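In what follows, structures are represented as C-alpha cells.
Shared chain: chain A. Partners: chain B in the first complex, chain C in the second.
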Partner chain A sequence: MAEADQQQPPIDLSKLFFQSTTTRRRIIASYWIVVILAIPIWWRITSIDRLSLPESKVSALDTRDLRLPLRVGLQSNVPGISSNSIETQLAHRLKRDAESHCVFFESAPVDLNRQSTPGTYDVVIEPGAPNLLLDGRRLSVRSQGETEEQVLDALTNLVLPSSDGMEALRIVKYSPRFRIAFSLLNEDATSGRSILSWDVEAAIKRYLAPALEKLSILHNFTIESQVQYHAPLAFRPHEIQIGEQTAHSLTQEDLTVFVNSAEWTLSSSVSNDPVIHFVLFVPSADDSPLYILDHNGTPSSADAFILPQWGGIVVSNNARPHLKVADLEHTFVTFHNQLLSLLGVPSLPANVDYDYSLPFTDWQLDALVRLRTMQNVENSKETLRSIVALVHQIENMPVGQDVKGDVQGVLDALDLVFAESSSSLMFALRHSSDALTRASRAFFNPGMLALLYFPAEHKYAVYTPLFASVAAPLVATLAREVAAWRKTRREQA
Partner chain B sequence: MFSALIYSFLFLSAHVFSIHAQEFFQEQLTLRPHRDGTVLGHFAFTTLLKSATPREPETIRIEDTSQHYTLFPLALGQVLREYAITELHLSLNAGKWSYDRWGYPEEDGVGTGAELWAWMAEGPGASVDERWRGLRSNLAGLFCASLGSMDEQRTTSPSLTFLPEGDLPGPSTPYQLRHGTLPSENVCTENLTPFLKLLPCKSLSGIASLLNPHRLFDADWHGMGIHVRYVENAGVEVRLTFQGVFDPVRYSTDGKRDWSLHSIFDRTIQKTCPVARHSKIRLISTTDAVDVSPAPNTFNAAFSVYDVNTVSKPLDISMQWSNESHFEYPLSLDSPPPTHISVRRTLKGTEQSRGQLAIVIENHQDKQIKASYLETMPWLLQFHLNSIQVKWNSAPRDDLMSIVSYIPPVPHSRPTLLQSVLTLPPNGTMDLTIDVTKPFLRYTEHPPDAQRGWDLPPAVFRPLIIANDSNLRRLPRIYTPILLVDLATPDFSMPYNVIIMSCTLIALIFGSVFNLLTRKFVLTKIPNEPPQ
Partner chain C sequence: MSNTLGMYRTVKRLGIPDSNIILMLADDTACNPRNKFPGCVYSNAARNLDLYGDNIEVDYRGYEVTVENFIRVLTGRVDPSVPRSKRLLTDDRSNIFVYMTGHGGNEFLKFQDNEEISAFDIADAFEQMWQKRRYNEILFMIDTCQANGMYSKFYSPNILATGSSEVGQNSYSYENDNDIGVAVIDSFTHHILQFMEGIDKTSQKTMQDLFDVFDPVKIHSTPGVRSDLFHRPLSQTLVTDFFGGVSQAEVFLPLIDTKTSMPPNGLDSKQPRAQDDPQDDAVDDDSGVFPSIRGSYDADLLALSSGKISLSSQDGMPARGARAWTSIALVGALVVWVGIRTRAKR
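Moving on, here comes the complex of A and B:
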C-alpha cells in the first residue's frame, strides 16, 4: 500500500479549475455584486411612494400677493370739491392699508354709458340736496357744501367695507356649493300650539330668490325644507313675568345650546356640501310665549338670532295650523337678512340710498367678491404650506400622483388668479375657488392617511431570520479571502 | 274633557288635510295572538307623496329640483333622489321567524340580518352599480348598519323572487334589480333611533309612542323595515314597519297569557299624532273565548279595529282568557299547518373542504304547488350542480326541479345565484341535496372572530298556488333560517412561522451551496497508522 502511494504523484489541488484562487474570488465577487445590485431594487420596492412636491413654487407663493384693481372715474361738478384731490387721497388711503386688503387704485375716465363691469365705478358729484345714491356701479353724490372728507369716507366704506372680528367669525367658510335647509320645528305639535305646514316654496321664491340669484355668481345653492312635529329643546326655558302674563325666556347662554342636534334631524348625509340652516321654531303651549332676553336680562323685541357659521333661527309665538306666504313675510325677511350676514355681504354706510327693490347693491357684491377671492387665495396658500410641512414632518406618509397633481393644479389656478386679477374680477374668483377646492382635496386625500402597516421593528423582525443567516457566510468568506490575499501579498513582498 | 280634546284634534286634522293634500301619513298597528301564547305586533307607518315620481336617471348629472317635504322623511327622500331609486326595501331583523308556530308574517322580509333590495332604472348618468354602491353606504350611514360591507361579494339580481311591489314608471325604460343580504348583521337600538327619527311624530305621540326600545329588543323575534315604492296614479309611498313577536307569558307573574298594550310595551297611547290621517289598531280575532277591552270601534269575524284618533285616551287594549287559570303550551303544532309549505335547510358534513346542503320541503296542501327557490350564496360555499338530487317521498324525481338561471361564483368577488322552480305534488315531502365545497380563504379575508364561522344568507322560497279563478297567485316569500359554515381557519400566528421557516430553509440552502462553491480543499496527509 505504501509503495503504491509513493508511486502515484499526489494531485495538485490548486490546479483544479474550481480550486483556483481566481475562480473562488470570482464566485465570491459575483455573490457580492448580486447583493449590491439588489439593494437599490429592494429599496425601491419596499419604500413608500413619495413623489416630490413642487416645494420651491409653494414657497415662492409667499412673495406673490393678490392685487385687485379698483378703477374709479371721478367727476366733480361742485366748485370746492376737486376730483383730483379725492383721487390722490383715495389712492393714498388704499395704499396705507394695503396689508389688510388687496385693492389698489386706478384712475379711469368717467363714462356714464359704459357697460357695468365689476371693479369699475363712476362717481359723479353734483350740487343739490345732500344725498348719496347708488345706481348700479355708479355713485351720485349731491352735495351742498359737503367736504371732500365726507365723500372720501363714503367712498372708502363702499369699496372697502370695514369689518370687525365678530363678523369674520360669523361668516361661513367659502364653498362653491351650499345646501340651504329650511326647517319648521314644532317643539310639541300635540300640545295644541303648532304650525303644521307652511308655503315654504312660494315664500322662498318671493323673499329669497332675488338674493340667491344675485349670489349665484359666488355659490351654487341647493334648497331643501322639512317640517318636524316633535323637536324638543334640550333645556327648559326660564319662566318670567311680564305684567300679569307668564312668559318664558331664553337667556344669551341658552341661545348657544339652543340647537338640540341629538333630537332634531337637521343634517343631511347625502352630500358633503356645507349646510346653512334656517329654523322657524314654534314653542309648545307649555313654553309659549317665548322671548329672547338681552344682555341686561330684559325681554327684547328681537325674535331671531344667528348661530355663527351655522344658520339662523326665528322663534314664532304666532302659532296657526298653516302659514301662507303672506304670514311668512316677517320670518323670511329675517331669514334673508341672516343669509346675507352669514354669507358675508357687507353692510352699506348709513347715509347711502339705493333702489330698495334690489336685495343689495352691486358695490356690496363686488366688495364681497374681492373679499372671497382674497380669502380663497390666502387659504389655498395656507393649505399648500400645510401639505408641504406635513409631508416633511411625517416621513412615512405616501404622496401619490393625485396629491401631486392637485398641488400642481392649485399652483396653476393661483397663477391664473394672479394673471387674471387685473382684467376680470369674476375670473379671479372662479380660479381662486378652483384653487381652494383642489387644495382641500389634496389635503384630505385618503391616500395620504395610509401610513405604514408594519412599524419598523416589525419589519426588522421579519427580515432578520433571512438576512442575518445569509449575510453571515457571505461576510465570513469575504473576510477570510481578504485576509488570505493580504497574506500572499506580504509573502510575495 | 277628553272628548273636547278629541274634537279639537279632529277639527285640526281635517283642517290640515284640506289645505295640504300633497302628503298623507297614516299609521296602523296589527296585533295577532298566536296559539303558543305569543303576540305579533306589526307597526306600519305609511307616508304617501302624492303625484310624485321617482327621479329619472337621465337627470342624475344635472341639478335636482329643490326638495320640500312636510311629512315625508327628508333624509330618506334625499337618498332616493340622489341615486334615482324607484323601489327600495331594507329589512333589519334579529331572531329566527318560526313559520310553523306563527304562520306568515305581516311583512314578507323576515330573513335574519340585513336585507336590501332596490329596483333602479338604467340611465346614462351613472351606472346602476355605482348608484347601488352609493345607496348602500348612504343607508348604512342613515341607519347605523354595516350595509357598506354588502359589497359585490354579496350582491345579486334575483328578479324571479323579488318582483317589484309597486309600479315601474315608463313602459320602455329598462329596470335592474340589486339584492344583497348580510346575515350576520345585529339589529339593536342604534338602528331603531334613526328609524324613529324618520317618523313625523317620532315616538312621542300616536301609535309610535308604543315603540319602547327596552321591550322591542326583548321580543322573541323583532325586525324593522323601510319600504319605498312607486304606485302609478298615486305617488311615491314610503312604509316604515316594525314587527315583533312578544311573549306575554314570560312577562306575567301568574303564568297566564293575558296581555295588554301596557304589559307588552310598558306604555299606553296618551296622545294622537296630529298629522296622522288614519291611526288604527287592528286586533286579529282568535278562536278562543276572550274578553277584549275597551270595546272596539268596529269589528267583524276576522278582526276588530280601534281608531286611535277618536277613541278615549289613554288607550290600553287588553285581551283576557278569563276561563283559563294557567296557560298550557300546546304540545303539538297547528294542524293544518299555518303555511302552505314548510322548509328546513341544513348543511351536512364535518369536513372542512366538502359538505352537502340538504333542503326538506313539505307541501301541506291537497293540491300541487309550484315554488320558486332562490339561493344567493357567497362564494364561501360552492355548489356542484351535477350533484343535485331531488327525491319526492324518498323516490328520485329529478323532473320536479327546473333551474331557471345559474350564475356560478367567482372566488373572492361574485356570489352564486341559483334560481329554480320546484313542482310540489300534493301532500308530501321533497328532499333536495346539493354537494358543496368550502374553499380556502386568503389570510386577510378572515373576519376578526374567524373561529366563529361564516353566516350564510337564507334561501328564499316563493310558493305559487292556483287560486279559485285559476290564476296563479303569489304567496308571501318564505325565508329559511340562516346557516353557519365552518371554513378552514388558519392559525393566525402562521405568517410569522412561515416567514421563519422559509427563511431558515433559504439560509440553509444558500449556506451549503455557497460553502461548496467557495470551499478551499486541501490535501492532508494521514499518517500511516501501525496496523494492529
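Moving on, here comes the complex of A and C:
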C-alpha cells in the first residue's frame, strides 16, 4: 500500500475545484458579509430605545411661575375707611410673600349683581353693628369702629388662609379620585352593647352630600360602607373611676395605635384610589363607657379624633340596636368636619359669619382650589425634572414613545394651566390635575425600568466564548487571503 | 425564610397593616412536601413560635419573586393591572423598611437560582424613589454573606443601612434543627428579633439602642451600619419610626423581603413531641437551648444543602476592570498569534 501511494503522482492542490482562488475568496467573503450584515441587527436588538425628551421645554418651566389673579372690588361707605388704601395694602401684602402662594392682586369694580365667579370678590364696607358676613363671594363688613387693619387681616386670611405645619401634615395628598369608607365597628357584638345597623345611606345624603357636591370639582368620590360585629382592639383600655362609676379610657398614646389594622378590614382593595376612612367605634360592654383622656389625664368630652391622612374615628358610648338618621347626626357632623379638614378646606377667621346651612363658603373653596392648583403644578414640574434627571443619570433607562407622549402631554397641560390661570380658576385646576396624572404616569411607566446593571465583565463573559472561537479563524483567513492577494499582485508587477 | 417571617411578624405586631407590607417569599417551604411538619415555619429549633400561623399575606410568591418585580415594586413602575396589595403606595411622608435575606456575595444577592440583584440596581432604584419623593426615610437591612457590600453603592439621601457581615465575611445561621436537617434562622436576624420582642408600639427605644446590641462575638460576623446618608442622629430616631404603625408619627411602613429558595424548615406543632416543652407563644426562644449547635452551620452550608452554592467574588472595582481588559487582551493576543503563525508558515 505504501508503495502504491508513493507511485501515485502527488495531487496538485491548486487544481482542486474548491481550492480555486475565486471560490475560496467567495466563501470567506460570504462569511464576512453575514457578519457585517448582522452587526446592524445586533446593534438594533441590544441597544436601548431612548427617545429624546423635550428637555429645553422642561427646563424652561423653571422660569414660568403660576400666577393666579385675585380680583377684588372694594367699596367703602364708611367715612374714615378708604377702599383705596385697603387695596394698596392688600396688594402689598400679597406681593410680599408672592413666592409661597402665587396669587396677585387685581383691582376690580364692585358689581353686586354679577354672577359669582371663582377668583372675583366683592367687599362692601357699610356702617352698622360690627359684623363680617360672607355671602357667596361677597364680604359685607358692617363697621362702626372697625379699623382698616382689621378688615385687611380678615381679607388676607380669607384669600390666603395660613396653615401651620400640623394642619399641612393632616391633609391628604391630592388625588383626582378618592374612596371614602364608612365602617361601623362593634368591638364585640355578643357582649350586649352593640349597634347592629345604621341608616348610613340616608345619613350620608343628609349630612355629607352638600359638602361632597361642592368638593366634586376637586375630587371624584366613591363611597362604600360596612358593619363589623367583631372588631377587637389590640390593647386593653385603662380603667378609671368617675365618681361612683367605673369607666374606661384612651390615653393620647392609645389613640395613635387605636386602629387594629391586623384584624380590622377597613376597605375593599378593588381599586388603587387612596382611601379616607371613617370609623364609628362601639366599645363592648366590658370596655364601656369609653372616654378619651386629654393631655392632663382627665376624661374629656371629645369622642372623636383624626388620624392624619388616614381618616377620622368616633367612639360611641350610646349603643342601641339600630341607628336612625336622626341618631347619626352627631356622628356625621363630626365626620363632615373631619372630612373637610382632611381634604384641606381652610378654616375661616374666627370673627366671620356665613350662612350655616352651607357646608362651607365659596371663599374657602376658592382658596383650596388655588392651593391645590399650585401644588399640582409644582408637583408636575418636579416630576418632569426628575424624569429628565434620571434619564441622564441612568444610562440604561429606556424612554419609549408613550413616555415621550406623556411628557409632551404634561407640557401641553401646563401650558393650558398658565393660559387659563388668568381667566378661569376651575379650568386651571382641571388642567393641573391632568398634568399631575400624566406626569405620574410618565414617571411610573412600566417600560422605563432600567435594564439591570451588567458590569463590563459580564458582557465579556457572555461575548468572549461566542465570538473568540468564531473570530479567530475568520480574521486569520482574511489576513492570509489579503497577504496572498498582495503577494500575487507583487509578482505580477 | 424564618428570617423574613420573623420580621413580618414583628412589624405586624407593631401595628403595620398587611396592606402596607409587601412580603416576597421565593419558596413555599411551609407547604413543601419535604417539610416534615406541614403548614408551619418555626422561629427556632425549639419550635415555640410558629411564624407561618393562620394570618399571613404573602404578596409575591415563588416565581413571582424576581429582580425585575422587586425593582418594579420599589420604583412603582408596575403594570396598571397590578392590584393595590402588590404595590408600594408611599409618598414623601412615608418611612420604608426594606429587609432582604438570602444568599449573597460582594455587592449582590441571589434571587431564585438564576438571577441576582446588584448593589447598583438597588442604589439606582432608591435614587428613583427619592426623585419621585416616594419616601421620607428608608431603613435598609440585609442579612446575607458579605452583606455590607450591598449598601455601599447607595447615594440617595435619608437612607439608613445595616448589614449582617463585612465584605469577605460569611453570615452564620443561629441554630440548626436536627429534625429537618437545616438551619432555621440567621444569627443577625435572631438577635434583632430578640431586641424587637422587648418593644411595643409606644416604646421610646432608638435605633442607636438597636445597633448597640450588635455583638460580633454572638453574631459570628461583624455587622455594619451606614448612617452617612441619614440626617437624623440615631439616638433620636425611634425604632418605631420604621418598625411601628404609630399614626401620629405618620409612619407608613411596607416590608419588602425576599428569600432565595431553601429546603423546608418548618415544623408542625400539632405533632406532640416529648421534648417539645410548650412555652409562652409570644416569647422567642433564647440562646441557651442548643448551645452546642450554635454557629456550627453557616449560611454557605445552608446553600450547599439545597444544592445551590453562592460563590462570592472578593475583588473590588479596580480588579474587575483589570479582568475585563485582560480578557480583551487575551482575544487580541490570540488573533495576533494566529496571524503571525500563518505568516511564518509561508
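General remarks:
Note that the second predicted complex is superposed on the first by the 418 of 493 C-alpha atoms of A that agree within 3 Å, B and C clash if a C-alpha of one lies under 4 Å from a C-alpha of the other, contacts with A are read in each partner's own complex, and residues count from 1 in each chain.
Please note the rule applied: contacts are C-beta pairs under 8 Å (C-beta built on N, C-alpha and C of every residue); 3 or more make two chains touch, one makes a residue touch a chain.
Quick caveat, the model's predicted, so the values are computed rather than measured.
Judged by the touch definition given at the top, the superposed model places A:256 against chain C, while chain B stays out of reach.
Within the superposed three-chain model, A:128 lies out of touch with both chain B and chain C [touch as defined at top]. Within the superposed three-chain model, A:310 lies in touch with chain C and out of touch with chain B [touch as defined at top].
Looking at the shared chain after the overlay, A:479 reaches chain C, while chain B stays out of its contact range. When the two structures are aligned on the shared chain, A:460 is found in touch with chain C, with no touch to chain B. In the superposed model, A:229 lies in contact with chain B only, and not with chain C. Once the two complexes are laid over each other on the shared chain, residue contacts for A:393 go to chain C alone; chain B is not touched. Chain A residues 269, 271, 461, 473 lie at the interface with chain B in one structure and with chain C in the other. Across the complex, chain B meets chain A through its residues 8, 12, 15-16, 19-20, 63-64, 66-71, 74-75, 78-79, 82, 138, 141-142, 197-198, 200-202, 204-205, 271-275, 496, 499-500, 503-504, 506-507, 510-511, 514-515, 517-518, 520-523, 528. Residues 12-13, 15-20, 55, 67-68, 71-72, 75-80, 83-85, 87, 89, 91, 93, 115, 117-118, 120-121, 124, 127-128, 131-133, 201-202, 245-250, 320-321, 323-324, 327-328, 331, 334-335, 338-339, 342-343, 346 of chain C are the ones that touch chain A when the two sit in their complex.
By the touch criterion stated above, chain A contacts chain B in their complex at residues 2, 10-11, 13, 19, 24, 27-28, 31, 188-190, 192, 194, 196-197, 200-201, 204, 220, 222-230, 265, 268-271, 321-322, 461-462, 465-466, 469-470, 473-474, 477.
Remark: chain A residues 169, 173, 234, 253, 255-259, 261-262, 269, 271-272, 274, 307-310, 382-383, 386, 389-390, 393-394, 443-450, 452-453, 455-457, 460-461, 464, 467-468, 471-473, 475-476, 479-480, 483 touch chain C in the complex.
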